[in-house]
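Labels A, B, C and D are assigned to the chains in the order they are written; within every chain, residues are numbered from 1.
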Amino acid sequence: MIKVGIVGGTGYTGVELLRILVNHPEAELSVITSRSEEGVRVADMYPNLRGHTDLRFSVPDADKLAACDVVFFATPHGVAHSLAGDILKSGTRVIDLSADFRIKDADEWEKWYGQPHGARDILPEAVYGLPELKRDEIKGARLIAVPGCYPTAVQLGFLPLLENNLLPEQVLIADCKSGVSGAGRGASVGSLLCEASESLMAYAVKGHRHLPEIRQGLGWAAGKDVGLTFIPHLTPMIRGIHATLYAFAPGLEADLQALYEARYANEPFVDVMPAGSHPATRSVKGSNMCRIAVHRHAATGQIVVLSVIDNLVKGASGQAVQNMNLMFGLDETTGLNHVALMP
Amino acid sequence: MIKVGIVGGTGYTGVELLRILVNHPEAELSVITSRSEEGVRVADMYPNLRGHTDLRFSVPDADKLAACDVVFFATPHGVAHSLAGDILKSGTRVIDLSADFRIKDADEWEKWYGQPHGARDILPEAVYGLPELKRDEIKGARLIAVPGCYPTAVQLGFLPLLENNLLPEQVLIADCKSGVSGAGRGASVGSLLCEASESLMAYAVKGHRHLPEIRQGLGWAAGKDVGLTFIPHLTPMIRGIHATLYAFAPGLEADLQALYEARYANEPFVDVMPAGSHPATRSVKGSNMCRIAVHRHAATGQIVVLSVIDNLVKGASGQAVQNMNLMFGLDETTGLNHVALMP
Amino acid sequence: MIKVGIVGGTGYTGVELLRILVNHPEAELSVITSRSEEGVRVADMYPNLRGHTDLRFSVPDADKLAACDVVFFATPHGVAHSLAGDILKSGTRVIDLSADFRIKDADEWEKWYGQPHGARDILPEAVYGLPELKRDEIKGARLIAVPGCYPTAVQLGFLPLLENNLLPEQVLIADCKSGVSGAGRGASVGSLLCEASESLMAYAVKGHRHLPEIRQGLGWAAGKDVGLTFIPHLTPMIRGIHATLYAFAPGLEADLQALYEARYANEPFVDVMPAGSHPATRSVKGSNMCRIAVHRHAATGQIVVLSVIDNLVKGASGQAVQNMNLMFGLDETTGLNHVALMP
Amino acid sequence: MIKVGIVGGTGYTGVELLRILVNHPEAELSVITSRSEEGVRVADMYPNLRGHTDLRFSVPDADKLAACDVVFFATPHGVAHSLAGDILKSGTRVIDLSADFRIKDADEWEKWYGQPHGARDILPEAVYGLPELKRDEIKGARLIAVPGCYPTAVQLGFLPLLENNLLPEQVLIADCKSGVSGAGRGASVGSLLCEASESLMAYAVKGHRHLPEIRQGLGWAAGKDVGLTFIPHLTPMIRGIHATLYAFAPGLEADLQALYEARYANEPFVDVMPAGSHPATRSVKGSNMCRIAVHRHAATGQIVVLSVIDNLVKGASGQAVQNMNLMFGLDETTGLNHVALMP
């Protein structure tokens, strides 16, 4: 059994990690930390876990974390910077769900996150945990940066086009729609039911922190810099991201359906839907799947890719466990066979 | 492996059965029938099942059903009446999720369901599939009537009081709130998002079909006839039933918390919450759990019991699988360890 | 034109007052206060008001408020206690939407609200602003306590029975369901979309602050003390209260439908629905109407009254304006002719 | 008073017309037709109208309609084709909310709507009822084609750019998100709460009927053919359209904010938000306003326009009444001063 620790388990990615891990056949939850909830039973805070775990929140303790085989960080940005280094030294592996190690250029990170980068020394060895892009590196990694939710949906949607160099020079567009859980469990007015339900709005049009992360990944796939207009929208639902991706390739004659099916044929968590499909976010609710449909708009020939994930699963905690499975030599799908809840 | 057939798998209880059974370690889906969708892949109708099953809908075929170890009926009322008898003759067991065999008094059934009872011959051997009330009978049964959703939440909430004969002569009250999935997948105006969301209303105040079923169960527990005012409400959510139960016992001195905890101490799917709790329906979303809290109203001393279930799981398909586990000698919880999706 | 001031206009009852008053033909918004938002244009905070008002929030100023004909308080409990007295001295009338003057027994108020009552001197002259109960007093009042949302729905539902002394000695039951806007615009975790949507739960079963207010009003109607079990529920919608009321009157032969229709025949904002109706909260969304249906449960003879309001209109700001109309000799319905938004 | 008839008043645009017209100071509802609901009181079908109208549905009667000053069609496609001509002959004006007269090219109409165009004779005199584009023609029109919901949001968002010829040759993109009421009140599985809530999906990617209508309007504004990729999405809310519009103008130096403000300075129902704004659909819920924000994406310079309307008001019934006001010489805003319901 893999001994697992979680730092900062009170937010939505934390409880989602717990939902997955309490039923994971090869993992054993050993410690979960929270300064604010010290001593509280996890199941008292999250009653869905009653009967599944007796664990209590404890204050972060270096020795207890060092005794784990792997520690997940489900913390605000900056926390993993200060703690991950010491944990790694003890031989324990680290899977960070925050943005701390996602961007390889520390200066760029500081620009977008507005704080000093606190772990430039270990940044180089961090592996970007998108298995569809970095599987081999993940297997040997000690430190994983789990991709953001938008970046996961957008990158998986664009990869086949970029890896095959099918797009002429252009600015790509990612029009993305997210459920409210992407904003976390913090008590902010904008996330109140009375503010966010029965409404839809764009936000961060001037620039969202996921933009540099997405561009980094698209650049890796394309082998060159890729321009991107990324517009996120807040939508009145709990879970789900729908990325609608636009690219223009006037003369392109490739069979896009075949291209996507081939690219993802062996990916357990990317499902290329039949031609003409419109994947709904609810088809992945609670599951680690990304469903993709690729279209060409009849009137204009523009390529339109539809990519959906559950932001808390494939966009966060499920992908984190997928990384753990790879790092520990397990079958990649272990403990991740959830069927989406529908309806 | 238990060979499983499903008759009428296109509705919400059907797809929920599939969600549970595709990951059940001891069950093997063998046949699923639908006249209207013959030949269609189940996963094309319900994309959440893509990658989990390749089964196609077929027209009901007596031989194929007879070759199963157990057949679930997820059909409109009346269908099981006409088919269950023949299936039983072949030695295959039947678990009926419709109301066909729930009420022991066939005349009463006809009054409420407005059609002739089509299987009076096998009605006597049907066992009411509420494990908390009929576990031993279920183990030996060939024909199970899975309880309705409201009846499950209401009976589990009242049982400890009635079994111990703690209530004086009185009319009990069950004020129940259900998500819209209880109305099924039929295309009716009242279930449209634009009609049912952002609103709440009572319905069937004059009398709901679950009333005689609930009274039958409460009567079994009490050993006498029990009067009940049952008022269901339609609430703007997909899943969940919240039963708020009222009983008046002026002189009662019993420790209700202890009573409930003792009654359900060994029940794997009834969770008595700590004193003072307010269970939320989302704490059981997608799980087979019933969570109960028992209160006494400070100002009046009235007993108020709060009982929540997921109407599609403990209120239908999960309970059906719980029955299957019991009938086939498996651990009762096999394949039913889902953690509720929260948020 | 009536010169209107609003103290504390940043919450939901404040913006709802504005929605109603900007189109009120006899009212002129003169001042709106908020310490935290001083200088901010109201329409920048609430874009639905763009084009309807250019008013800015200002800090409360005694002279400016004294120059108004009427001042509404849409403030947390306690604020009106400290300010209302001085405003009244200047000849300006006060309509308080908080709970500060609702309960005539100041000791009782202190018990439920956990703070000293700060205005015992003017409490006696405060009129409880439920026009259907206190119309004549309201017309001559200088200080109005606008009823709470639950109390409005519950009292209007029970009045005809109690005023006619039709119920034997008993504990009444009010099972109430509220939208989330009843919890206000404060940033609390429990009101987040991800916590409150797709779920339903009871709360404050041990005792809710509206209980003594409701019992006071029922007592006025009955001419004696009335026992009440009041259980509120949080439901996944923005607006609306549905009160399901239970009373038991075994031998009662009165024609309840006729009784209710007669009682409310001349009430512009109480609509007794036809016999057998199930009013939905959406039928009053955005309007000042209370819709009521009265039933007798077929199996038990129990009286079941269904009463729905929009908690922000008839349950708060609309009722406040209805009071203003009465106090200033206007037609009671002036500016309150909104048709509910449906769908 | 303008005598008003409505043909086909049982759908969502019909009831929304009623909501607006019952409070319109210059209009008098005279007749409302529905074959299926003949004799039913409108307020029995739509209880929000109880107390506002006593009208009953009647079968369409040529004389009664001819006695009106104006007849609105809120009917499925094709109905206005067969009835409008005769009504016009009687001197009664017609405002059609269906698509029957929106597209000037009858062959194109037939291609998209899959049925013969039944009124080619009167098509030439139909005026496209977008006041911001066709105000003068509307004033003198006898027959109005009220624009579709998506076309209203998209055209208003692009007009300032196209009228000023600021965009180089390119394919524009309109990524649109609609509430479910856009699908109407028909009982279809896809519009059920259990199917459409807690989910988001694109639809009609291959081609949506509003595409030719939008291109027609953009072409009028630009003075030339305009290429458009239009992708609609179904979102889990009742009302609202959010159009996110993309255009690329690399060298453009114009002050877009000033351009938009100037273009719409005198438009009563187009609100250009301050620079940097993100209009939410709820800011126009129940109102006839279109709110627009214009951005340039920092990283790419791409123009991003955000345009929101209530699909049932500015996208249908409100715009229809705005047309009526213009046709009858009233102030354009008469009866259309609703403040959006927020929260």
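The rule is simple: a residue touches a chain if its C-beta (ideal position, glycine included) is under 8 Å from a C-beta of that chain, and two chains touch if they have at least 3 such contacts.
Composition by chain, UniProt nomenclature: A, B, C, D = N-acetyl-gamma-glutamyl-phosphate reductase.
In this text, all values refer to a predicted model and were calculated from it rather than measured experimentally.
Ranking B-D and A-B by contacting C-beta pairs places A-B first. Farthest from subunit B in terms of Cα centroid separation is D.
Separating the CA-averaged centres of subunit B and subunit C is a span of 39 Å. Subunit B and subunit D have centres, each the mean of its CA atoms, that are 45 Å apart.
Chain centres here are Cα averages; for subunit A and subunit B they lie 36 Å apart.
Residue positions of subunit D touching 2 or more other chains: 12, 181, 185, 194-195, 197-198, 236, 238-239, 279-280, 282, 285, 343. Interface residues of subunit A, counted against subunit C in their complex, comprise 12, 180-181, 185, 187-189, 191-198, 236, 238.
Of all the residues in subunit A, the ones that touch subunit B in their complex are 12, 15, 18-19, 22-23, 46-52, 181, 185, 198, 238-239, 271, 273, 279-280, 282-287, 289, 291, 337, 339-343. Contact residues of subunit D toward subunit A in the complex are 171, 173, 175, 177, 194-195, 197-203, 205-207, 211, 227-229, 231, 233, 235-240, 242, 244, 246, 248, 276, 278-282, 285, 295, 297-300, 302, 304, 306, 308, 343.
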